[in-house]
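For reference, the structure I am asking about is given below.
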Amino acid sequence: MMKVRVKFFANVRDIVGSDEKVVTLPVDARASALLDELVAEFPAIGEWKPHLRIAVNWEYVPPDHSLQDNDEVAIIPPVSGG
Amino acid sequence: MMKVRVKFFANVRDIVGSDEKVVTLPVDARASALLDELVAEFPAIGEWKPHLRIAVNWEYVPPDHSLQDNDEVAIIPPVSGG
Amino acid sequence: MIKIVKVKINIEEVLDSVGDPSVGGTDVFIGTTRNHSHGKAILSIEYEAYEPMASKLLDGLETEAHRRWPLKKIMIVHRVGKVEIGEASVVIAVSSIHRKEAFEACRYLIDTLKKSVPIWKKEVFADGEEWVGAQEQ
Amino acid sequence: MIKIVKVKINIEEVLDSVGDPSVGGTDVFIGTTRNHSHGKAILSIEYEAYEPMASKLLDGLETEAHRRWPLKKIMIVHRVGKVEIGEASVVIAVSSIHRKEAFEACRYLIDTLKKSVPIWKKEVFADGEEWVGAQEQ
């Protein structure tokens, strides 16, 4: 197993109730598997799922990206800066 | 006959040596006739002639515009504001 | 250069930072917080950034703009925290020898920032608050 | 609003003049005097305007921009007289609810100003001076 640190922002952080969480996953789990796990734990995220992007170590990654031990993963809701 | 006040700017004013001049013209003379007269008096304007525009009472006019007594006519060299 | 700041953005400083004796044209975009959203009165706005990633992406945007256009200097400043109505949330200044490139690059930078940089806006109303999603922009 | 001024342009004042609580985006173009022209060092610049006609045409440009785009406010300030290298000769600020219109209108205003408004620039070099014709821009 491996651990990744997951960061939450904006409406997703409000749902999770915390801005960070360490999640344990099988080695080489994909980004999409992490997201499925989070939706299972916090069903209210599900409604937003089609709009969420995932970043690993400060870079956007596709859903099939393989996570590594100690990665910093961020769940990125639709951005609204500017 | 009629009189118009002619204003000069930039390189044309440098050639004429004055920023204003009253010119006497036949009634209903066209803007192009005034320009021809100025070129006759100040041949160095001739070189610029294809690039000069004429304004009457603060509006650009075509060369065949008929001038009126007391008009304020301006010889407008290529502009370079901004 | 890029900055994420918690205090009011000083526009004169931003302009000074892109000044250069060879510059002929500078285009500046200033995004300000509006007092309404879909007809509802906004009391204030809060911005939040995923700062290390936002800085990295903004740095990347700056590099990409320099690659695409012959520019002199770029300054991008985004504010985070509470921003009063009418204050600037973002200022982007681009200087170049000729104006066309400054306009195009400035437009590219704000458009791309809004699509990709992890910064979020929360609108505070009299009866609650709401995170703004990009799809509602 | 439009202004032709003989003193240094105050950018903060220009920005204040286009501010409005419903504004979401403001685009500002700043034209500055360059230190070189076709490889020759420029010492200073002088601008001259046919003021009543320039004001009339700038007023007309402002009206036309409001007709073409849904804008909030426009401020066009052009300086005349001697302008030092690096100082602003022209500042155009356009505010609107959404940014696209502000960018387009600002670009239209500076492009049209440069083509049609009777203002002339004289570049002063170490060995003489020269009126700049539009064809050399």
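Going in written order, the chains are labelled A, B, C and D, and every chain counts its residues from 1.
Criterion: contacts are C-beta pairs under 8 Å (C-beta built on N, C-alpha and C of every residue); 3 or more make two chains touch, one makes a residue touch a chain.
The model shown is predicted, which means the values in this text are computed figures rather than measured ones.
**Student:** What chains do chain B and chain C have as common neighbours?
**Tutor:** Common contact partners of chain B and chain C, which must touch each of the two, are D.
**Student:** Roughly how far is chain A from chain D, centre to centre by C-alpha average, rounded to an integer in Å?
**Tutor:** 48
**Student:** Report, in whole Å, the distance between the mean C-alpha point of chain A and the mean C-alpha point of chain C.
**Tutor:** Between these chains, centre-to-centre, one finds 26 Å.
**Student:** Using Cα averages as centroids, what's the distance between chain B and chain D in whole Å?
**Tutor:** About 26 Å separates the centre of chain B from that of chain D.
**Student:** With centres defined as the mean C-alpha position, give me the chain A-chain B separation in Å.
**Tutor:** 73
**Student:** Specify, in ascending order, the residues of chain B that touch 2 or more different other chains.
**Tutor:** none
**Student:** Which residues belonging to chain C are in contact with no fewer than two other chains?
**Tutor:** 31, 110
**Student:** Taking the top-of-page definition of touch, could you list the pairs of chains it picks out?
**Tutor:** Listed in label order, the chain pairs in contact are A-C, B-D, C-D.
**Student:** Within their complex, state which residues of chain D touch chain C.
**Tutor:** Counting only chain D, the residues touching chain C are 11-12, 15, 19-32, 34-36, 85-86, 97, 99, 102-103, 106-107, 110.
**Student:** For the complex, which residues does chain B have touching chain D?
**Tutor:** 7, 9-11, 14, 51, 55, 58-60, 74, 76-82
**Student:** Could you list, by residue number, the parts of chain D that touch chain B in their complex?
**Tutor:** My answer: residues 31, 47-50, 52-54, 56-57, 78, 89-90, 110, 113-122, 131-137.
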